[in-house]
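In what comes next, chain A is part of two complexes: it sits with chain B in the first one and with chain C in the second one.
Take a look at the complex of A and B:
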């Protein structure tokens, strides 16, 4: 198959995907205009599109975006420091790892975000609560992936280190840690995704802060088109965030 | 050989013994630190309530009949959310897994929409389905649709081509292919998808309950928050976390135990 044929074979379904999204909105628009769907429950897509400009111009979207990003960044720094640190610690002490790894895995399955009222009592209704929930919810993924990465160092590499008579510290910094980096980055990417979900979710729930609050604000004002537009906007920002993380991970990942 | 076998077995046993001891020591240390913090007065009173108060609240909670009513409401919501969202996810997953063209067209939407925060759809769900349990079920279903669909689609593509060809050579109908070939062959990814789906359905449903409801566990948690009944809130979170982790492990074990044998 020639290069252009491959490109075409990918372009056709991509086009179908794009067109069907447009078609979907066109059908919704038509159904609402025909009066089959209550426009006070589902506003017409054209109206939602119109409110995009309004929410960007009037609702300080940029400031909110930066606020949410800062919260994610704070949680990201914390999960990197504590997650990788704890992962290394657990990997280093076999006994500790055997004792705690299942607990960490269980914590990963626990619905941490549901404890947000508890965090509010402890830290107050502010950004600290939001960052702390994101941190706790995202931490297990980073710890587990760090352990997995270091434990998965190829035996050949370890033997090379041994044959060079490396000290344990050198063995760790020169061989195990760099070899584990790709898996650790996967863990950090997962952790940042969890952090973003929790940050936006808790912002919405406690009506405080950045993008999540925007939706709650507009919904409480019963600004229907604005609420829909804000939801689309937040979804768009999240998707771009995931795409960027994926790119960064691919860029940082050394060629295997 | 037998000697070394016995040796490693006994050393493993002693290792397991010390792991158990370490676990007990860690738990005890945690409890002692907690109680110490609670009595020290360093933090605001009631933020770290005494263990006795939490235990008391736990017994009180579990002995209360009303709690089981609320637990039942939430469990019902989650079950329905799993049935609706999981069922739709399964159907879409099979469709995308079976058809490469459709997968190329639509799967990236699911892939990127999957991890977005679903709770922000709650205002829309309230408008569509009302303030009662339906909106919570809808949010739970929306949450669990994505992991199930993606996991099933990926599982479909890993099915041994031979199995599919056997089914086709027997001229199995689509429905027969689904029930006799696809589903048994990808039991593991399906169950894994359901495990992930259960986790997010639980979060979606309960968060919706904390936001706006008059029954269910989420309502009780927010109620404890607004009356500042901290021991009760801790008790409820402990029970909830234990239940969530247990169900998660149970579904996971289901997937592990019955994994299809590779020939």
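Take a look at the complex of A and C:
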């Protein structure tokens, strides 16, 4: 295969991405070994790699990974159901939207995580608290993007619906909702990012549950290589959700 | 009084819009008869209320004066006898070509197999066979407009109402699509009402052309086009064709320049910040 053929192939971007990451770690490794970076602040990548077996065998990272994934999944389902649902409701009732939109936008910027003591009083020190905080923190993005998506339906598509005499329900389900899907999915992606950050953050804060708690434990013990290895699993959760979301979107709207 | 073969009648239509600079009469006392099976074009300069008239006849705009009747029945709002094809791209990007075309059949509650067959018939009619399972995003602008046309035809309207459906396309594609529409019209004996600002397009396709005045939009003249049928875009080169184009341009030129002057004055007032 010639050089230009490699550049055109589908594998090229993936390969380039992978090589870039490897190169980045190689540079970090070299810098630490040369003594330019303190290895007690940033552990060398080789050491992080070596700690994987330890955190899998001794710290049960896989079980924690599943725990965090399950919490994110629960929050994800909730933001989809309530976020899209509330967005649709607000879009539909003008008065309601004008009354609430600013508050929802304000909530989007609020550091909900700081209210964790309140959630603990209400739900206890358990997974429900973690999921609820993630849910509340991620909800506004989904609501706002749902409103934006539906309101942004092209006028001519609505006119097509009218010309075919669609009922308001048909107009919504057959035209507005599918037209809004790409924007709604942007909202869901944002929501899942917020949800994951909050899940891991609250696990860390209240020392309960999955990867967040493990990271806190390892950091307390000053096991930096283990901490970074555990963070790798957090990234894995994020990758997993993004891939799943992309699949669902392609299934619902194959081509744009 | 309407002729016996009148299928659509717009009677004394008046539309007034309130603007910040006072009321604007978009359409004023316009009466129009469309005969069964004919191809009628409405031509006028920009701003003559053509699209407003399209929305009135299609039932998308309320609050106008006068009335619209289909086969004698007064209509209010969209009517299944009238199928609309819009100027802007209006295919559903999330549906394949066949699902786009089958849309009205799905609404009518037709079974999946039956509507696939019907949809295929109309896809073939607009010359898109083989593209059934493509998405609009994979097609050219002209092809997408044909999908919209097929979708509207699939609802089997008595009158096909088109608002500059090819305006966004290049001249060659426009001529060829004009041929396609003519072919379909002859095949289905479809009554068609075309809104356009393109004289060539109007003469190429029409049995009659209604020339509208610039604001307020009134009927200026109704021109009968006595060119032989079946027609195709080849007719564009004929002498008779040229005479019709010249004749209509004569009517239109005055209106178009009035429109231009009006727009210039408007722009001048706005830029100098003075009151009109």
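Side notes on the structure shown:
Here is the rule we go by: the second predicted complex is superposed on the first by the 181 of 256 C-alpha atoms of A that agree within 3 Å, B and C clash if a C-alpha of one lies under 4 Å from a C-alpha of the other, contacts with A are read in each partner's own complex, and residues count from 1 in each chain.
One rule holds for everything that comes next: a residue touches a chain if its C-beta (ideal position, glycine included) is under 8 Å from a C-beta of that chain, and two chains touch if they have at least 3 such contacts.
Computed from a predicted structure; not experimentally measured.
By the touch criterion defined above, A:212 lies against chain B but remains apart from chain C after alignment on the C-alpha atoms of chain A. By the touch criterion defined above, A:56 reaches neither chain B nor chain C. Touch criterion met: A:13 reaches chain B, while chain C stays clear of it. In the superposition on chain A, A:178 contacts chain C only, with no contact to chain B. In the superposition on chain A, contact of A:89 is made with neither chain B nor chain C. Look at A:70: by the touch rule set out above, it reaches neither chain B nor chain C. Once the two structures are superposed, chain B and chain C can be ranked by residues of chain A touched, with B on top.
Applying the stated contact rule after C-alpha superposition, one finds that A:170 touches chain C and leaves chain B untouched. In the superposed pair of complexes, A:160 makes contact with chain C only, with no contact to chain B.
By the touch criterion given at the top, residues 58-60, 77-80, 82-84, 86, 88-90, 92-94, 103-104, 107, 135, 137-138, 152, 155 of chain C touch chain A in their complex.
Contact residues on chain A toward chain C in their complex (touch as defined above): 154, 156-157, 159-160, 162-166, 170, 174-175, 178-179, 181, 252-256.
Contact residues of chain A toward chain B in the complex are 10, 12-14, 16-17, 20-21, 41-42, 95-96, 98-100, 106, 109-111, 113-118, 120-122, 193, 196-198, 200-201, 204-205, 212, 215-216, 219, 224, 227-228, 231, 234-235, 238-239, 242-243.
Per the touch definition, chain B reaches chain A in the complex via residues 15, 18-19, 22-23, 26, 46-47, 101-106, 108-109, 112-113, 115-117, 119-124, 127-128, 199, 202-203, 206-207, 210-211, 218, 221-222, 224-225, 228, 230, 233-234, 237, 240-241, 244-245, 248-249.
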